[in-house]
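Below, each structure is written out as structure tokens.
The two complexes that follow have chain A in common; it is paired with chain B in the first and with chain C in the second.
Presenting the complex of A and B:
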């Protein structure tokens, strides 16, 4: 049961990250493989705020803003110009891989290769429904729940959310129907980038210690969760993250924990092979 | 002095290994358009295979301090051959990722994630390949009779590596500079269109993944025989990105570019920075190396996307002078073409399109029963049953969104149907893949531009000709002597039709640079050269000058008389009037009426659908 608690935290963090990742794919049709590097950069900005006297929780917004601005800039100044060139679609993905190297190892060049951790204590340990969760983990869960509900409200009940969904479904039609697609795309990258930054900080907090390359393999979980729910589908992403997060941690309790990512891997390859548009996604999204 | 000599030998070996790997990746990525983001696992598999095939049994070696499987103590060159075989076999599990259904970037991340996970597994599972510590003390070939530490040995090793790399270069050239290579590049430029012209995407991509994997495996074997050590730390997924950087810098789709990239990036660049002394922190130089690799990729793709040595344009026509780029307005050019197209009347299509022995008996050749297509809950085509008669030009009209293009796509197999059946020549072909339908003579064109951009006009045409003996992997290996004469005849056939359509001067121009109307013509010619029995045309005249459209229409009618069957989706009702009989009207996914245009004009339902729709 304690592994279920771990799984819940992993799943919650992954859900936030995957929703951001899948929203970026939805509006710009790019698999942003540089996502992990922006996560860890955001975590480090928050860390430096923390080191300079801000409490860990109060440093969280620093990470969120970093993620939002960096993601927006990446789309505005790198991805969009490349897409306008009308090159093969894979070119942008290769560019994203290059940006990931620059982001991750540029950070490593600045901060060095050693592990750091936030100055915060993990709080009292609570025993809930057979799970042992620290105060820190409970706060992370609460933040994730609030954010996911907010995203749901944004997509369902606001004009902005409606415009985002329209842009994702058919950008040309949306533009011709009076949606300011450029503005919507920029806003989406800001919001999804904020999710990316938030995910980076809580990922690092949950890990305890982290360094510049800690999020490098996170892309495996992100991709698995996204493809499980269908690429470009925010609700699918939440579902996929729950499945991947829980199954990796729960399976770790029964098999060698070093192989826990294997489930994500098998899920991803299975989805790519049999249902690349996700369990709920439609054929037309491709 | 001698230290430099050893260093030189080392550099030669590294250069040969990296060049071979880059050549292998380039044939996958630069020619076949396969973004193998997991390339490093193929090299690594070869290295491990060569190691454990050449080493003694694990229990007996070095007091058993390392664990691994096999341990067959095979003499050289068997471990290297084994490495190539293992590298090639490793491609087979990925056959599921490279079919038509999966986007290229999705397949790429599938391979990327496979590389990440295999690395994690190799690290954590010790009994298989000794885990994170890796396999060490791998014997060098002939080390019992020749000291591997000697200078002569190392230069000899380098010599063998270089010779093998040169052989690989010639092998790959043989493959790519053949009709098969042309098909690979066509598939790279537009896979769905290549598929619709009868190219088997899954087979071609798998073949290239196996070939590239085998060569990558060989390169790994050469490397491990020299450094005698192979561990998961050496083959993180990011190493693949270094090879991609090399190919992007050198020039994708150019073998010499791949070699140049290998020498510049993994060898030149990484060697040049290896000896910078550690400054502020020990990880600074390695991190900056990675940053630089990332920057190389982004900057080159922006400023010089074709690399230092861009892909060479293949001049096929007799005239070696490349044509001037079409700088005139497309209307001017179309008008020019129109003057020349008078010659299209002189073309003997019966002979050119191999229609000589087609019986023209107006039997039903293509038909559907209750054909249906839905996307999620939206039904786009609903219960369409039509019959297409042999030797007729059948029109398919209807307002926007009536499901015309979707119907055509289902007939050609580009889209799978959600319900109903399709019969072709009396046979149920509902589940036959599109490339097989094309091979049987059911060929389509596309509504949107679908030229192979980086193939010349002539290459676009020749690539469509079916049954070329050089258009298979094995056929290409048999060389020009096998397919040269046949290819020459094919080129002449394409030139003849090109001249008939008045586009001879663009024979050697990249198809991507033509005007919209010209590209339409190229597409029609290309479809004709695929020797269709039934030709499915999706708005073939859109963007074509009206007079020209009429000439083409006349030709289509003549071809139909010669026995070809044509189904044409078109918006222009005047063209339907002139050339199509019968005409089928679709509205809201259903068949509304069928008859001659004259009959349909009297049908109030049809008129209403057009006015309302």
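Presenting the complex of A and C:
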């Protein structure tokens, strides 16, 4: 039961990250493989705020802003210029991969290779439904719930959210309806980047200790969760994150936890073989 | 027409127009005009550039030479949202709706440029016009039948009360009866109401029946133009488009 509790928190963190990731992919058409490096960079910015006297939770907005600004800038100054040249989509994927390596090891060059942790205590231990959850873990669950409800509300009920979905489905027709798709895409980078930064900080908090390369393989979990739920499906992303989060942690009770990503990857391969558009997805449906 | 759906028309004019992809022209030397209260149609074989021409008029494809005007307003190479703002409603041949969005959401996006408070009443007006859509407001557009989907595609552009309607093969894939109804009731209706209608249509016979003027496109150029009753007398036209017998010698 304790691995289930662990799995639940892992899944919550992954859900926050995947919702941002899948939204980015659906609206902007960029498979941003640098997502993990932006997560960890955001975590470090929050960490330095924390070290300089800001409480851990108050440092969270620093991470969120870092994620938003970095993602926006990455699109504005790297992806967009490459996309303009009408290169094959694979080029942008390779560029993203390069950015990920630069982002991760550039960070390592700056902060060094040692493990750090936020100055934060994990709070009281609660015994709920047979699981032992710390105060920190409960807060992560609450953040996840708030994020999912907010994104649901944004996409379903707001003008911006509907314009994002329209841009994702048919950009030409969206423009012809008066939607400023470039603006919508930039806004999507900001919002999904904010989720990326948020995910980075809670990921680091949940890990307890972390270093520059801690999120390096996280992209595998993200891809698995996204494809499981269907690319561009925010609800699918939540579902995919639950499945991947729980299965990797629960299986870690039986096999070496180092193989977490391998298990996610096997799930991803199975998924791509049998249901390439995920459980809920049909190609790309934000 | 009981509801004010479309506005009094404006004149849409293209002069010396050439347009295409990647700087290479697909259509060239095009002079066409559509006027209020009239249905002007464009017919021509597959690949003759009909869709490309329409796209260049509404800012989806780049104009390489010549001009597009709405009344006296030069709209050459304006972004397509600017063209929409000036009252031109464009229904593309394919990808004419947002499949994952519900019918209601499709209409809402159609009314994106409106004041938020006007949207519900505009949706009501469009539904009055296409009552069939009423019962399927929460259905995803991707799940509609071909005819329902075309009604939604037209409903989307009607949200902005366009004065000029640019329609690319609105009857493709529709059953003959539905196609006839769409052309003769709805599309002819817009023109009779005073709007400007520019229509690309594969069914030449049906197009001629509702048109006031028809252009024939071939190889990216206007090869023939005239009133339907004159074209019906033209042997070459009859042979190529109306499936008639070759001209007698």
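Throughout what follows, the second predicted complex is superposed on the first by the 278 of 286 C-alpha atoms of A that agree within 3 Å, B and C clash if a C-alpha of one lies under 4 Å from a C-alpha of the other, contacts with A are read in each partner's own complex, and residues count from 1 in each chain.
The rule is simple: a contact is a pair of C-beta atoms (placed from the backbone, for glycine too) under 8 Å apart; a residue touches a chain by one contact, two chains touch by 3 or more.
All of these numbers come straight from a predicted model, not from anything done at the bench.
Trainee: When the two structures are superposed on chain A, do chain B and chain C clash or fit side by side?
Mentor: Aligned on chain A, chain C clashes with chain B.
Trainee: Between chain C and chain B, which one touches more residues of chain A when both complexes sit on the common chain A?
Mentor: Between chain B and chain C, B touches the greater number of residues in chain A.
Trainee: For A:91, select first, second, both or neither according to whether it touches chain B, chain C, the two together, or no partner.
Mentor: Touch partner of A:91: chain B, not chain C.
Trainee: Contacts for A:217 in the overlay, against chain B (first) and chain C (second): which applies, first, second, both or neither?
Mentor: In the superposed model, A:217 contacts chain B only, not chain C.
Trainee: Does chain B (first) or chain C (second) touch A:190, or do both, or does neither?
Mentor: Touch partners of A:190: none, neither chain B nor chain C.
Trainee: If we overlay the two complexes on their shared chain A, which of chain B and chain C does A:174 touch? Say first, second, both or neither.
Mentor: In the superposition, A:174 touches chain C alone.
Trainee: Of the two partner chains, chain B (first) and chain C (second), which one does A:162 touch, if any: first, second, both, or neither?
Mentor: The answer is second: A:162 touches chain C but not chain B.
Trainee: On the A-aligned overlay, A:69 touches which partner chain: chain B = first, chain C = second, or both, or neither?
Mentor: After superposing on A, A:69 lies clear of both chain B and chain C.
Trainee: Mind checking 164-172, 218-226, 542-550 or 560-568? I need the stretch of chain B that runs into chain C in the superposition.
Mentor: 542-550
Trainee: Chain A residues touched by both chain B and chain C?
Mentor: 282, 286
Trainee: Show me the residue ranges of chain C that touch chain A in the complex, using the header's touch definition.
Mentor: It comes out as residues 58-60, 79-81, 83-85, 90, 92, 95-101, 105, 108-110, 112-113, 116, 142, 156, 160.
Trainee: For the complex, give me every residue of chain A touching chain C.
Mentor: My answer: residues 159, 162-163, 165-166, 168-170, 172-180, 282, 285-286.
Trainee: Spell out the part of chain A that touches chain B in their complex, as residue ranges.
Mentor: The touching residues are 31, 33, 78, 81-82, 85, 87-91, 93-95, 97-102, 104-106, 108-109, 112-113, 212, 217, 219-220, 223-224, 227, 231, 256, 258-259, 261-262, 265, 268-269, 272-273, 276, 282-284, 286.
Trainee: Give every residue of chain B touching chain A within the complex, in rising order.
Mentor: 33, 35, 37, 96-97, 101-110, 112-114, 116-117, 120-121, 124, 238, 241, 244-245, 248, 280-284, 286-291, 293-298, 301-302, 305, 375-376
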